[in-house]
Each structure stands twice: as C-alpha cells, then as structure tokens.
Amino acid sequence: MIPVAIMGGSGYTGVELMRLIAGHPELELVAVSSGQFKGQAVDQVFGALEGAVNLSFVDHDARALAQGAALVFLAVPHKAAMAAAPDLLAAGAKVVDLSADFRIHDVAVYEKWYAPHSAPELLAQAVYGLPEFYRNQVKGAQLVANPGCYVTSVLVPLVPLLKAGLVEPQGLIADSASGVSGAGRSAKLGLIHGEVHENFKAYAVDGHRHTPEMEQELSLAAGAEVRLTFTPHLLPMDRGILSTIYARPRAGADAEAVRACWQKAYGEEPFVRVLPPGRLPATKEVRGTNRVQLGVAVDPRSGLIKLFSALDNLTKGASGQAMQNANLMLGLDETAGLRELALTP
Amino acid sequence: MIPVAIMGGSGYTGVELMRLIAGHPELELVAVSSGQFKGQAVDQVFGALEGAVNLSFVDHDARALAQGAALVFLAVPHKAAMAAAPDLLAAGAKVVDLSADFRIHDVAVYEKWYAPHSAPELLAQAVYGLPEFYRNQVKGAQLVANPGCYVTSVLVPLVPLLKAGLVEPQGLIADSASGVSGAGRSAKLGLIHGEVHENFKAYAVDGHRHTPEMEQELSLAAGAEVRLTFTPHLLPMDRGILSTIYARPRAGADAEAVRACWQKAYGEEPFVRVLPPGRLPATKEVRGTNRVQLGVAVDPRSGLIKLFSALDNLTKGASGQAMQNANLMLGLDETAGLRELALTP
Amino acid sequence: MIPVAIMGGSGYTGVELMRLIAGHPELELVAVSSGQFKGQAVDQVFGALEGAVNLSFVDHDARALAQGAALVFLAVPHKAAMAAAPDLLAAGAKVVDLSADFRIHDVAVYEKWYAPHSAPELLAQAVYGLPEFYRNQVKGAQLVANPGCYVTSVLVPLVPLLKAGLVEPQGLIADSASGVSGAGRSAKLGLIHGEVHENFKAYAVDGHRHTPEMEQELSLAAGAEVRLTFTPHLLPMDRGILSTIYARPRAGADAEAVRACWQKAYGEEPFVRVLPPGRLPATKEVRGTNRVQLGVAVDPRSGLIKLFSALDNLTKGASGQAMQNANLMLGLDETAGLRELALTP
Amino acid sequence: MIPVAIMGGSGYTGVELMRLIAGHPELELVAVSSGQFKGQAVDQVFGALEGAVNLSFVDHDARALAQGAALVFLAVPHKAAMAAAPDLLAAGAKVVDLSADFRIHDVAVYEKWYAPHSAPELLAQAVYGLPEFYRNQVKGAQLVANPGCYVTSVLVPLVPLLKAGLVEPQGLIADSASGVSGAGRSAKLGLIHGEVHENFKAYAVDGHRHTPEMEQELSLAAGAEVRLTFTPHLLPMDRGILSTIYARPRAGADAEAVRACWQKAYGEEPFVRVLPPGRLPATKEVRGTNRVQLGVAVDPRSGLIKLFSALDNLTKGASGQAMQNANLMLGLDETAGLRELALTP
C-alpha cells in the first residue's frame, strides 16, 4: 500500500478524498489534518467514515504530513496551499493541490483574481491536472494543480471542439449551476437549508474566479485569446454541476459533427460519456462518480450549438479528479478507486 | 361578490386559482370542473383548501359552467380550451384561458407547434394577457389569452429594453430553469420524486413550445423579427422560474441604463420589482406571489448584458396573472387577492 | 391602524411576524430591532418583504420600541425576552413573548431547564397563549407567553382527550419531527444544506426543553401529574411539524370517540381542522398557515390510540399563534391577517 | 465470475442490484428482465449504469433466466415472485426473493395480509435472510426470503435485546420514517415531487404489511407472542429509514446495558455500527451502503428505552441485504461488493 496524506480533511473535498482513499485498493491514508477538529477521531466527526478511517485529525504541519507520505493532497483554501507546497515538495512528497494556487500560469492574472503569490517559482513546474488533456505531463509531475469544478465542466465539452475548429472561439457563453457543496462545509448564513432549499439564483455575475482559469485553457485550445461569458447559479441540492454552453458553429458543424469530435477525443476515456442523440446529461446520473456526461443540440431557430455537461462538483470536479491525478503520478491504474456508479435514485 | 367558475380544477393551475379566489375579497367560486375527481368534494381532494372551498367537482360542461358565472377560467390543456371557449363566450361569460390556444396571433404558427385550431375566428378578439404591456386591451376584453410561464419570465425583462433600443434584437439567448410544478399534476414517471430530487438537467432543447410565443411578443417590441435561443431546465423544486438572458448592448447601454429603463416602464407596476445594484433575483423571494424580480449585470469580459428574472411559475407564471387579468376585465382593483408575500424560509 | 413593534426581527419568527403584519388589515409595524442588521433596510435584508416593510432595523432598545407601539412582539431568545419584558410593560405596551421565558408557571422548573429567571414577579400575570384553551385570559392579558412549536402540536390533540378522560394520562409518548426552520436562522454547521438535506435523525433524546412545558399543560388538563416521553427529529425541509402520539384508551374510547371529542372542543375553532376518517395530517397542507390538522387511528394489534397533528412551526407554532394572541389582546377579529391557505404544491 | 440474473430489473431494487453487481468482484450479470422496458438497452434506460451493464432487458421468463445463472434475484412484486420461484429452483438456480412471498412461515398469516399462496410447499425450505441472525442457514439455502426494509430496521435493534431479556416483549412501539424510494419506481400521483417534497405524514396507520413479519421474528426472539405497534411515515427524500423504537426496560437495563448487548451481538458484524454515547443514527451516514447504525437513550422522565436505527431502504433494506445473502449462498466473502461508504454530503 502506498501511503498518502491530506492537508485539510474537514472540508467537503477532504472528506470526499478520505472516502475515495478508503475504497482504493492501493492507497493508505496515513495522516489527515484539520484546524477545526484537531485531535478528534475522524470517524466520530464524519460518521459515514466509521470503521474505514482509523485516524485522528492532526495539525496543519506540512513537514509532518510529508513524513512517510508518498503524496499529499492539499485540500486547504488558496493561500494556505501555496504556503504549504514548497515544504511538501522539499520533503520529497508529490503534491496534488485542489486549490487555485497553481492553476494559472500567469502570476499577474492569478494575483489580480486571488492574492499575492508566495511561491511563483513553482508555477513553471506545476502541471494542470485535467488528465484527459495533460495525461502525460501529469504522469511525470511532482506538483499537480487540480482544476476547478466549473472549469472542468466547461473545458471537457469545449476544448476538443476548439482544437478541431468546430466552434467559434469568440462569443462563448457558459451558463452553469452547481449544488451547494461547491461552496464548502462552513457555517455561513447563505448556506443554511432555509436559504438554499426551494431556491434558485445566480451569483458572482460580475466575474467568478473560475473565469481566468477557463480562459487560459480555452485560449490554449483555440490558439487565440478567448473571452468567455460565464454565469454561475446555486442549485437547491448537495452535489452536481450542469453547464449549458452556447457556441457558434464553424464550417457547418452540426450535432453529429460535435459528437464525432467528442467520440474521437474521448472514445477511450474511462470517465467521459458522450450521450447518444435523444439523451441529455443529468447530474443525478453522475452523482458521486468521476464521470462527465456530454450532450449536444443545435438550436433550430438561431443555429447556435448548445453543449451540455454534467459532473459531480466534489468528485470529477474536485477530489475524484485529484485521485485520478494521483493514480497517474504514482503509476497506478488511472481508474483505481474511481469505479463507483451513481445511486438510482 | 362576483361569481366565477373554473374549467379544470384538479391540475396545479386550477388549485392555485381556487387558492387565490378563496382569498379574494370580491370573487366567489361558484363551480369547478374535473374529469378525474368529478363528484368529489374539492377540499377532500385538496386538503389545503379545507373549509375554504365548499364545492364538489362537476363535469367539464362549458355551458353549465358559464351559467351564473361572470367569468370562467380555462385551466384545461390546449385543444380542450379552444373547444370550450366559443360556448363560454356565447353564454355571455368572460374568459381567461390559461392554455396556449389563443396566445399566438398567427394561426399557421400555432398549428405548426400545437394542433389544428378549432376556433380561429376568436384569435382576432383574444387579448394577450400580460397586463404590464396590454392593460387597456385586457380591461375591455371578453377573451384573454394568459401567457406562458417561461414567456412571462422572458418578456418582462426584455420588452422594455427592446422598445427602448437598449439591446440588439438579434442573438438573444434565454437560459431558463423551472420547478417541476410547471409540468403539471400528473402521474408520470419523469415527475416522481426519485427522478427529480437532487437532479438538474435541460430538456426540450430542440425547441420548446413557448418559443414562438416569446418571439411573437419580442418581435412586436423590437419592430423586427426576433429569433430567440431558448433552453429550459428542470429544477429539483416545486415552484419557481429563473431566467438568465444574454443580450448585446446597443449604444453603450450599461446596467444603469437598463435599470433606468425598467424603472420607467415598471416604476408604478405593483408586481414588478427592479432590484438595486448588488441584489439578484431569487425564486424563493417571489414564491407563491404574483411578483417578478428583475436584476441586471454587465459581463466585464464580453460586454454582454445579463438579465435575470424570477417569478413563481404557478402564480405570475399562470394563475396569479390570470387573476390579475380577471381583476382588470371585471373592473376591480388589479391587485385584489394578489397581495400575499413569499414565506421566509 | 394599531401600531405594533417587534424586538428581534431578523430571526425566522421575526420575519414571519413581519410577513403577517404586512398582510394584516388593522396592524401597522412601526419599529423592528435587530442586533445583526441594525441600520439596514428591512426589505434589502429580506427580499420577500420588499415594498411591504419600509423600515430599517433599529437597536434592541425596549423603551424605544414600546414608544408609540400598542403591542410589542418579543422574538428574541430566552433571557433577552425576560430582560426586556418589564420595561415594555412599564412603558404601557402589551407584550407577546415568543420565547420560553414566561411559559412555565413554576420558576424552579424554568430555572432547571433554562436559566435563572430575572423577572419572576411577572410569571403570575403571564397568560399561556394557546387561545383554543385560554382565550378569555388572553383577551385580558398584558403579557402573553406564546407556546413552543412542538408543544402546540402535542397539546392541541391531547388536551381535550385528557379533559374528557378518553385516554390514560400515564404512558403518553410523543414522537415529533420538525423542519429545520425550528432551529432558527443562524450560521451553524448543523443547519447548512449539506448536513440537513436528504437526512433524517433524532436529537435531544435525553430531554428537550419543550418537555416541561408540555407536562405542565397536560397535567393541568388531566388533573394529575403527567410524565411524557418526547422525541424530536429533524426533517430535511424548511417548515412543518408532525407529531405522532401514542396513548392508551380509557373506557373503550375509539377513533370515533376521539373525533367526536375533538369536534366538540374544536368545532367552532377557526384554526383547528379535525380530519375525517381516511385522511391523515400532512405538513404541506398547513404550510404557511395558522392551522392545525388532527387525525386519529386505533392500532388494531395493540389497541393503542395514535394521534396525528400537523402544523407549521413558524406560523401556528410561533408567529401565527402570536398574531392570534395579539388579535385577541387588541380586541380584533381573532383571524385577522391569518386567513391564508397553503400552497399546492 | 459467477453468473447471476435478475427478474424485475426496472424497479428501484432491481436497479440497485445491477449497481451492486457491477461493482462486485466475482459476480457477472448475465440476464435481467423487465416487462416495461423489454428489448431496450439497460444503460439507456438507466443512465447511471452506462458502460457498466451491457445488456438489454428480456422477458420475465423464469426458465430462461435460470439458464446459465447460478443465482437469480427476484425483484418482482409479491405474487409474481412465488409464481416464478418453483421454476427457478427446479432449473437448479439458487434464489434470493426480495418480495414478501416467502418471509412469513405461517401461510395463513401470509394469506391474511397478502394473497392466496401459490407455492406453500416452498415455505418450509425458505430461509429468512437476515444474515446477522440466520447466517448459517442462509449459507446452505436454495431459497432465501429477503426481509422487508422497515422490518430490518426494527429487528436489528430489538432482537438481541429480546433474546437477552433486556426489554419487555409487550408494549413495543416502532415509529418509522422512510424515503420515498421505498414505494418503488412507478408513475403514481402520490409519488410525484409536488406531493412528496416539503411534506411529512404518516400512512398505513391501521396496519402495514410489514407488521406480521416483524411480529414473527420478534416473537421468535422473545420466546413469546409479541404484538407490535408500528407507524410508518413518508419522508421528503429519496433513500433512508429511521426507526425510533420505544421499549420498557427489564431488570434495570439502561443505555449502557443495551450498548453492551449490541456490542456482544454485533461486535464482529461488518454491517452493524453501534454508535457511542453522544451520537445518534442519521440516514445520510448510511446512504447507499449496507450499514445499519444503532443508537440508544433512556428517557429520563418515563424510564422508557428509546432505540434508534438508520439504514438505506434500498441497500441494507433490500438489494444490499440480498447481495449479502447471495454472497453467503455462493460461498463468497460476505462483504464482497458491499464496501462502499456514504457520500458526505
């Protein structure tokens, strides 16, 4: 068994990592930290993990976590992640960072949207951890920047189409909606049941931090600067992201051409499901899994192409993708620990 | 008290009408029909109405319903509505039709999207019942075609902007999501809790029947033919529609200009709330009410204008608006029976 | 219009009071306080109230609130309520206290379950505000202690049966479940959507503070000391309490006898609905209303009587009942402002 | 790989079986039948199974299903199950029946609650499939009657206490609540989202069919006839049962004694979790798993013992337990395919 550790185990992405590691045939969790629950038994704080995680939460001490762990998952907020990464790497651990700190190549862009960067020297070596696009680089990486949840839901459908020139890189619109676990496990008034349940609304409409990350990767795919219009919404549910993307077709591209392009890009991918005509992505069908569902339609009135993608924001949108990256970095089967199917219902 | 009747009282719009009539100071429900529950006491079928509606469901007999009713609400499906309307009008009753049968002026367009029209001679006299735009015509109408739920959520934000020339009439996109009551009260597999709960997905992506109705009114407002890209989604909740609309600004229009235009159009309207900067529409804030909330943002990357509207699909989206029309047709205070506020939470 | 004020307007009971006052034909809200939102416009904090409440939150200053208010609702937590009540009464205002501070006649019992009592001299004059039992006393009261939500759901079905001797006063069990708004509007981890949604569990199983209040009133009804076994549960929904109560029949009492007893006690009551055989209480049918639904069955195996009651914990369980009390204290129609029906769905 | 088949694959228990078989290391699904979806690809009907089940639904033909299957799961309704079982057994297949048809030893009791029995000769050989109590018999069985969902939630906490004489066998009350998937996947009005969401109510209060099954096993455990008062409720959620059970202690039994008794009975059980003091069962912590959580409290007022159990009605309450039984019947590791943990959140 390969020893791994988690810095930040009491947020939803941390708990999801523990769940996935518990079901992984070759990984063993040797340490997990939490500021809030330090000293408490993990499975008394998270009853779902009872009997599966026999550890107590420890301090956020990067060097201690790196001791005896071949790989450390950073499931702490941005800023805390870049503060810890250099020590983890120096101690010889591989690192999968679930925060935004190493996702954006241009430090000026990062600093505009987030905060001053304390470890810019690591940006060059950080690999953007979307395995469907960067599998080989991930395999050799010491530090992987795990993509944002909305970002994954937008890049998976769009990148192959931009590379193939099937859609215009200009005028792209991504209208997305996420379950509330995307906002984390914290005691905020906006997250309580009474505010979320039986409610639907947009937020961060003037600019969400996932935008520059999307634009970076879309521009690389298009070979030209892409400006994206992105609107996130909050769904009255725990898990799931659905993105509806509007794009102008190029060169007479239609739904069949989009599906063929996806099939070519993803036909061998274990976690991307291209749906046949007549079916559309539904978040419930991928809940708790590392899957992305893709669907497409052409609007008969405007000719716009509508792309649909569904994923679980905590799995393929965060911890499942982190596990997929870890599998690659550690030379394991990419799907190890990630073969579960969604519950019905 | 003015006597009114309902044809089709056992769907969600019919029940909502009964709820509103029960709280109305000047209307009295004298008859309500239902094929499914004929002969049963209304308040034993719908426990929420107990003590407030002391009637039993009767047959779908138009002439009988029109007897002694000054106004009849048609809450039956399309086709059934146009079959009943001539008899109701001939019997001297005013009619508010909640179906699609009299919404579309061009019978060819109607027949393309719906079915052969059995009463095309009434189309010329039917008034499109969006009181914020057609108040005076509604006041004098015998037959009012009550707008669709999605349609209202798209027209209220867009029409004044198109009339004022603040946005381009081409390239409009409406991305909407509705609670499941919009699909009616019927025993269908796709509506059961296990299929809807904790799920989010798009549907009717190749063309929803509300599209031609939106285009008719948007074209009238723009003075030019408008083609709209419309995508409906199904929310895991009972009530509420949120529409997110993307439009290209004209002549340097910004959020402030949009708000000013709305304020001018709706400043005196009892049911339209233009939200100040910093607030966005939320379906929960209008649940069970006849209100529409409007919000706006300009995307800083693309310059696109994002419009947001929230309403309750069964109230302002259906039965509340029908009551608003009925009040106007009967010479009553337009807000009578419609002053309730949404529950928190 | 009669001026009223609210101390504590930013919790769910406070917002519910504002909603009810806004729809009340004879009351006018002249002041509302909040520590958290002091200085902010009420309807910008609570969008559902927009246009209906044109006030800003003020300080928790009892004397200032009592100025110019004929009646003040105390919607602050226990302890804060008993600290404010003497000043309010001294200033000449009538008081409806929604906290527990004046519900329990025996100060020793109160202090065992809650805290030292700072105004025990007021206990003798405080009237227990369950109008169905204490209507005449409420009419003459200066200070009314509004009952607890669970308590109302247990007392309404049981009290008449105990008075009539239809059930044994010993061995009573109340198994209740409440929507999460009963826990208030506060930023606690246990209340966030991810913890509540798609979850069901018991809590406070060693003794909930509502127990002594239930026992006080049940003992008075039975004319003997009653010990109640009470178990609350948390439902994944916003509003609603359902209580299932197990009682041993006396003297051959059956479901028909229970219904007849209820009919006698509540036949003229505007807010108590005794359901006919074949129907059972459902929280959704009373949501947002001041109603209690009652149902009964006799277990064919054990002979135990099962009583069922449904109410909305924020309306008949809190603010609606407070309004009912206020109406009585101010000499108004008891149902004024409380005639709304539940939404379907 | 051991070949297995399912008769009745389009209900929720059938889909759950397919999900579990897909994740099982030693079982292979070779055939699955459905009347409704016959001829359709399984993973186009149930998108969550895409890529994991590469079969189309076949006819309900018992002999054909038994061909080449070592074991057949009967996931059809009662009556259909007893019609198919003789043929399956005659063809040499082992059978796990998820219906009620072989659970009740006394054919007269079965026929009183259900229907005339068409295969009473098989009752003697059918083993009641609660492995925690009948493990050895299940290992040798050809036909296993899989227990009811409510039944499992009541028997697991109570049986060891009755055997040990810690609680009185008389006066037991089980107050249970279930997610709506317990009612199956069918297009019924009472199951649609609008009827279930934000609602809570009791049902079948005059006698639920699971009662005789509970009484049979409780009586065997107590060595005396047990009469149980049972009340089921419907929760606004997809999955999960919580039972709250009231029992009179014997011989001074307290919470510690209950926990010790459970620990002795279940200390080595892989799927029963006895919670420590201070924690209570929560359905979300066992969602999608084969676990049962147990908790206990003693009511300080009445001295009654309160037992709490949580399980997933479709997993430990149905298909997971069926898989546990199949593992035992086939000589496999009892936990094979059943090690998943619940999602958080």
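Going by the order they are written in, the chains are A, B, C and D; count residues from 1 in each one.
Going forward, contacts are C-beta pairs under 8 Å (C-beta built on N, C-alpha and C of every residue); 3 or more make two chains touch, one makes a residue touch a chain.
The structure presented is a predicted model; accordingly, all values stated were derived computationally and were not measured.
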Notebook entry, point to check: Does A-B or A-C have more contacting C-beta pairs?
Noted result: A-B
Margin query: Need the most distant chain from chain C, centre defined as the mean of C-alpha atoms.
Written below: A
Check: Measuring from the mean C-alpha position of chain B to the mean C-alpha position of chain C, what distance in angstrom results?
Finding: 36
Next item on the list: Starting from the mean Cα coordinates of chain A and chain B, work out the distance between those two points in Å.
Entry: 39
Margin query: Counting only Cα atoms for the centres, state how far chain A is from chain C in Å.
Written below: 45
Notebook entry, point to check: Which residues belonging to chain B are in contact with no fewer than two other chains?
Noted result: 12, 181, 185, 193-194, 197-198, 236-239, 282, 284, 287, 344-345
Checklist line | chain B partner contacts - residues on chain D that touch it in the complex | finding: 12, 180-181, 185-189, 191-194, 196-198, 236-238
Next item on the list: Please name which positions on chain C make contact with chain D in the complex.
Entry: 171, 173, 175, 177, 179, 193-195, 197-203, 205-207, 211, 215, 227-231, 233, 235-240, 242, 244, 246, 280-284, 287, 295, 297-302, 304, 306, 308, 310, 344-345
Item checked: In the complex with chain B, residue positions of chain C that touch it -> 12, 15-16, 19, 22-23, 44, 46-52, 181, 185, 197-198, 238-239, 273, 275-276, 279, 282, 284-288, 293, 314, 339-345
